[in-house]
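Below is one structure, written out as structure tokens; comments come after it.
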Amino acid sequence: MAGNTFGEIFKITSFGESHGPAIGVVIDGCLPNMPVDFELLKADLQRRKPGQSIYTTSRNESEEYEILSGVFEGKTLGTPIAIIVRNTNHKSEDYAHLADVYRPSHADYTYQTKYGIRDFRGGGRQSARETVARVIAGSFAKMILKALGVTIQASVSAVGELESKLKPDEIDFKAAEQSLIRCADPILEPQMLSIIEVAAADGDSLGGKIICVCKGVKVGWGEPVFDKLHADLGKAMLSINAVKGFEIGEGFNGAKSKGSLQNDAFHLVQTEVKTITNNSGGVQGGISNGELIYFNVAFKPVASVKNVQQTLNEKLENVSLQIKGRHDPCVVPRAVPIVEAMAALVLVDHYLRNLPNQIQLF
Amino acid sequence: MAGNTFGEIFKITSFGESHGPAIGVVIDGCLPNMPVDFELLKADLQRRKPGQSIYTTSRNESEEYEILSGVFEGKTLGTPIAIIVRNTNHKSEDYAHLADVYRPSHADYTYQTKYGIRDFRGGGRQSARETVARVIAGSFAKMILKALGVTIQASVSAVGELESKLKPDEIDFKAAEQSLIRCADPILEPQMLSIIEVAAADGDSLGGKIICVCKGVKVGWGEPVFDKLHADLGKAMLSINAVKGFEIGEGFNGAKSKGSLQNDAFHLVQTEVKTITNNSGGVQGGISNGELIYFNVAFKPVASVKNVQQTLNEKLENVSLQIKGRHDPCVVPRAVPIVEAMAALVLVDHYLRNLPNQIQLF
Amino acid sequence: MAGNTFGEIFKITSFGESHGPAIGVVIDGCLPNMPVDFELLKADLQRRKPGQSIYTTSRNESEEYEILSGVFEGKTLGTPIAIIVRNTNHKSEDYAHLADVYRPSHADYTYQTKYGIRDFRGGGRQSARETVARVIAGSFAKMILKALGVTIQASVSAVGELESKLKPDEIDFKAAEQSLIRCADPILEPQMLSIIEVAAADGDSLGGKIICVCKGVKVGWGEPVFDKLHADLGKAMLSINAVKGFEIGEGFNGAKSKGSLQNDAFHLVQTEVKTITNNSGGVQGGISNGELIYFNVAFKPVASVKNVQQTLNEKLENVSLQIKGRHDPCVVPRAVPIVEAMAALVLVDHYLRNLPNQIQLF
Amino acid sequence: MAGNTFGEIFKITSFGESHGPAIGVVIDGCLPNMPVDFELLKADLQRRKPGQSIYTTSRNESEEYEILSGVFEGKTLGTPIAIIVRNTNHKSEDYAHLADVYRPSHADYTYQTKYGIRDFRGGGRQSARETVARVIAGSFAKMILKALGVTIQASVSAVGELESKLKPDEIDFKAAEQSLIRCADPILEPQMLSIIEVAAADGDSLGGKIICVCKGVKVGWGEPVFDKLHADLGKAMLSINAVKGFEIGEGFNGAKSKGSLQNDAFHLVQTEVKTITNNSGGVQGGISNGELIYFNVAFKPVASVKNVQQTLNEKLENVSLQIKGRHDPCVVPRAVPIVEAMAALVLVDHYLRNLPNQIQLF
């Protein structure tokens, strides 16, 4: 009920404060006998890591994980997999000036009011540091999806007002990974770099968007009423820090259009049912239809900016606040593996949820 | 797991096919001793009802409900409340031509592939008729919220390319209710009526947007990690038929902006903590902050259009399809109470989920 | 949370007060495309029905059910199956004298205190009438189990102090069904009939025990830690009205014994792993081991007895109570199909929960 | 679904194999701002610890815990509390001879068949070592219950055939704690010690029973249908390794009796509603009635006995097995704090689940 568990069958529980002893995750419901792909796990953690370039925070976080349970001789046991990452970068004094201040558009005030207590150091549980748990769990989900022939790839589609027009099937995700800001758009990427540099120089921040494309999902994943595939994807994305919007397929643009233009007609490609267009984004009636699943995620600009802000402290006094420390001028590049991880969790879960429909008992 | 239940404490289970005997809902977890507000229930059902104007389908659906359990002498018992609405308008012959055809951008194909069977009559379970269950349950949720001083109001903010610029706190929801298409924008509403008329005449359909505003929510509702208040609102909205996008607060527009512009500074208004702006949409870190909660929902144009469409049948033969029957040229006016209902379910649930944090045991 | 839902994948939600309009159940998660075995359903309802002999209550309850959803042309759709049974025997005046009295060892007082309200007519939701929902749902579970080769059979093993010594594999369940009190013990059954007659004549009631035997369960059902197969069976049984005890295998007797005597040695029978003894009752470490699953359930004597009892009313005045109406002198004969139904629900659920372990992905 | 999570609001997730790096637990849903009672935690861990006397295993297990999250400056944050205990006693070579053998009445065979893999060292996840997670979590539950005035106390009521006749309200739990085998019966305790000594000398084991008594539970905890308070207690107990039976109140004995003798009449004690007898064990209709809650739990004799046993190995060959290592000749003394812990988890959860019924909104 406290909402630190995600998923129905492939179920993860996240724990840990940013400056507590460790961040961790328990994965309950992973398939047994699965060889753990340690390379994949390492790569995903590496991709999430801060300090990869001047375009992200230079904060130095450890990503060294320890597997506490559920893996034996390199394979999953079918028992819960607990993994932790120690927090090594305890500069609590950096945060002392924030102990009793409510930073604008952060969760200090809401946490304090909800719980009557909070760990102010580094944002505590509200810190983006929590997402390391998601990336680890998502990596295990990807291992299953890989065996099913499903790939999940995300990249940056917008930074501030610069918005790429690349279609989901046109994106070169390899190129995106080579970009310092994980954007595959050859024309816009340099401009994005520039505006991030300007924002960083100003101590300001920029929002942006990420597009995620899932290939190889068979027909039939997703439950048709409340747990529609895109409803669960939407929730997963909106649960990521700083995310404020989600759209599947043509989304908000499609809403401006007409049925005669938006409908995706079925046709046969060899013996396979396909749609000619894919405005639906691979989901119809909440269930995957075998096409590319794609969706966009909107991130607000990071709230930690360096200009002096007026705000209140816990005594409800007016105070001037200047946030210190190192923060991402634009969060979207580092959020790419987090988006992928959450998508992987949703897809694996719906794959497992659909198993009963695939038994041929009758 | 099959996804027909929504909510954690205030939990509803929806059932029923469009042309089966009945649509119904079981509400488990409603507070006991609550006087049932039959007027509210009737009004919400009336608002959802088809055939209210030429701008919606003229389909004649019964909305007469029967309470089967959980209410005794006008008050809730604390036991599950089961309510059904009989389906009286069984013109199955209208749908015979659809028995083995996969309508484009409908869920015929995905249902059939997932389950190996479907009730094709009127779309069966994929029909918007299912939402009557949501409206009934939402109405009970609103009764609790009313007692808490919370109101939830939605209205149409866009039809096709016509998009209202009214701010969340500028909308006159009473006026919206008097509009045939539930739009409060005095300038755009007549234009919207026109383009819907044109679409209807063409047998085409238009997408649109709905804005929803929740007033009176106290600080502290919502769980900070996976079950963020706006993540659950997003899922709730994306679970409504035809919804393809969701954004909280400034959403996709905010993603184009800078932190220095988007941050909502705290200040005191008398003795109350308020934010000067409300770009966050009333939620920070997944938890309500006491401001107006507002969000936008994007609906694709209804897939049932009258032009001849190329598609496949179950034998995977190419067929030409012309959809008969009565359909909404624009679904958003009738979806307004459904958006409200789903929002009410999320809010009540999070109110109840937050109760443990309000005990003063220590 | 309010506890009217049972199961994780094969999930049922029960609703209805004894003298409200209807009792019902929603089954969510039944396999699609399953031909409904209407004979089985009818037979199970018939077995539960009151008034079958002088040894059970002569109360006349309707068992005519109506399927509201989820079944199309005789087959399950994979969508929620809602079924109701109307309450036709509304003699509320029989209960008027109980409106404000707390019957001893009934739930009047606890309901009233918990909710501040209760439907006193016929016990409302605490009535055994609620079990009709369980029997209906259990019948659908049995249809799946039948296709898997699993049978579930229960019979009366004790009435009052008369306790059958028949071993689980010695019971002739066919004979039990032909007994008026569902006891297969040829020697004890007539004596049981006698003591029930005496109790009935005295207006008194007798407790008893039911043994349940499940054949054909493959190795591997049940989760090893909290959701052990016998833990879930135990909960299922203890959730039945009047049940006060549960034991799997040798249970309480085994607890008096030694490890050297209780251990079930493995051996090969042809190519199959079997145990020589089965003191474990078919479950080891919470997981089925392929042997007969058997367990005993203890029912307290029905609380509705005719002797005058001292108790309190809602005003907390001392009152003398004489319960009117027709009640079972011994509840166990009629509880047999309820025990089977709950067992079936648990087994089907664990069969479905085990599916992910049976995929050969790696 | 994989069943490593327990509870609905106060929710715990257990992880860890006996000889893996650590055993741990995540507690999600603990009240915020609660001062952690480190003394209580330490005491409970100490009570569960092996090697306390010759009557329990001499295995040397570390009980040093580390709190990884959820506690800040000695108080709970309202965020998930993760706690681990490292496994220091890795004598895997002790278990090498068990790597491919199916020990009788252990879970080796069922685990191996279910998952196709198992960690054979020390029983892996099936080890009683897992219960350290439960005791830690139960300790936090007790801290809340303490603030509510609820105490939970268990003691040994039977060893082998020696069964104490002490009534629930006659047990001196302080005396029990001073007994080497946690039995408060002054006459039977010495005899129990003797028979355990004999069993230990024989390399054999004895079963037994534990009685648990909960004082101070208010009226109204427990949900009336599937999640009856005693159904959840029963499940909790049956989920403990080696437990094979559960009974609430008079349980199996009550089933031999008559309604006229078993009913608990209500009367007023000063201004409080009490029952004259308490055969119900403090629960009526699944809801606590304010009386003592008491129940008995049956433990089979530990399966690890030293006599040579015939069994099978993974190749399905007949093998003779002699189990080495140190094992409890009688498990019940050490299981006492585990029974208490599980009871505490159930009670706290139902306390929290009942909160919505205590709001006076209407």
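We call the chains A, B, C and D, going by the order they appear; numbering starts again at 1 in every chain.
As a convention for this text, a residue touches a chain if its C-beta (ideal position, glycine included) is under 8 Å from a C-beta of that chain, and two chains touch if they have at least 3 such contacts.
As the structure is a computational prediction, the values presented were derived from the model and not from experiment.
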{"item": "Contact-richer chain pair (by C-beta pairs counted) among B-D and C-D", "value": "C-D"}
{"item": "Pair from B-C, B-D or A-B with over half of its contact pairs in common with A-C", "value": "B-D"}
{"item": "Mean-CA-position distance for subunit D and subunit C (Å)", "value": "26"}
{"item": "Cα-centroid distance, subunit A relative to subunit D, in whole angstrom", "value": "39"}
{"item": "Where subunit B and subunit D are represented by their mean Cα positions, the distance between them in whole Å", "value": "46"}
{"item": "Two or more partner chains touched - positions in subunit C", "value": "1-2, 4-5, 8-9, 14, 29, 32-33, 78-79, 114-116, 125, 224, 357"}
{"item": "For the subunit A and subunit C complex, residues of the former touching the latter", "value": "9, 29, 31-35, 78-79, 144, 147-148, 224, 352, 355-357, 359, 361-362"}
{"item": "Contact footprint of subunit C on subunit D as seen in their complex", "value": "1-6, 8-9, 14, 102, 104-107, 109-111, 113-116, 125-126, 130, 158, 160-161, 163, 199, 202, 204-209, 219-220, 222-228, 230-232, 234-236, 238-239, 241, 244-252, 254-268, 271, 273, 275, 279-281, 284-289, 298-305, 307, 309-312, 316, 318, 353-354, 357"}
{"item": "Subunit A - residues contacting subunit D, complex", "value": "1-2, 4-5, 8-9, 11, 13-17, 20-24, 26, 28-29, 32-33, 66-70, 72, 75-82, 84, 114-119, 124-125"}
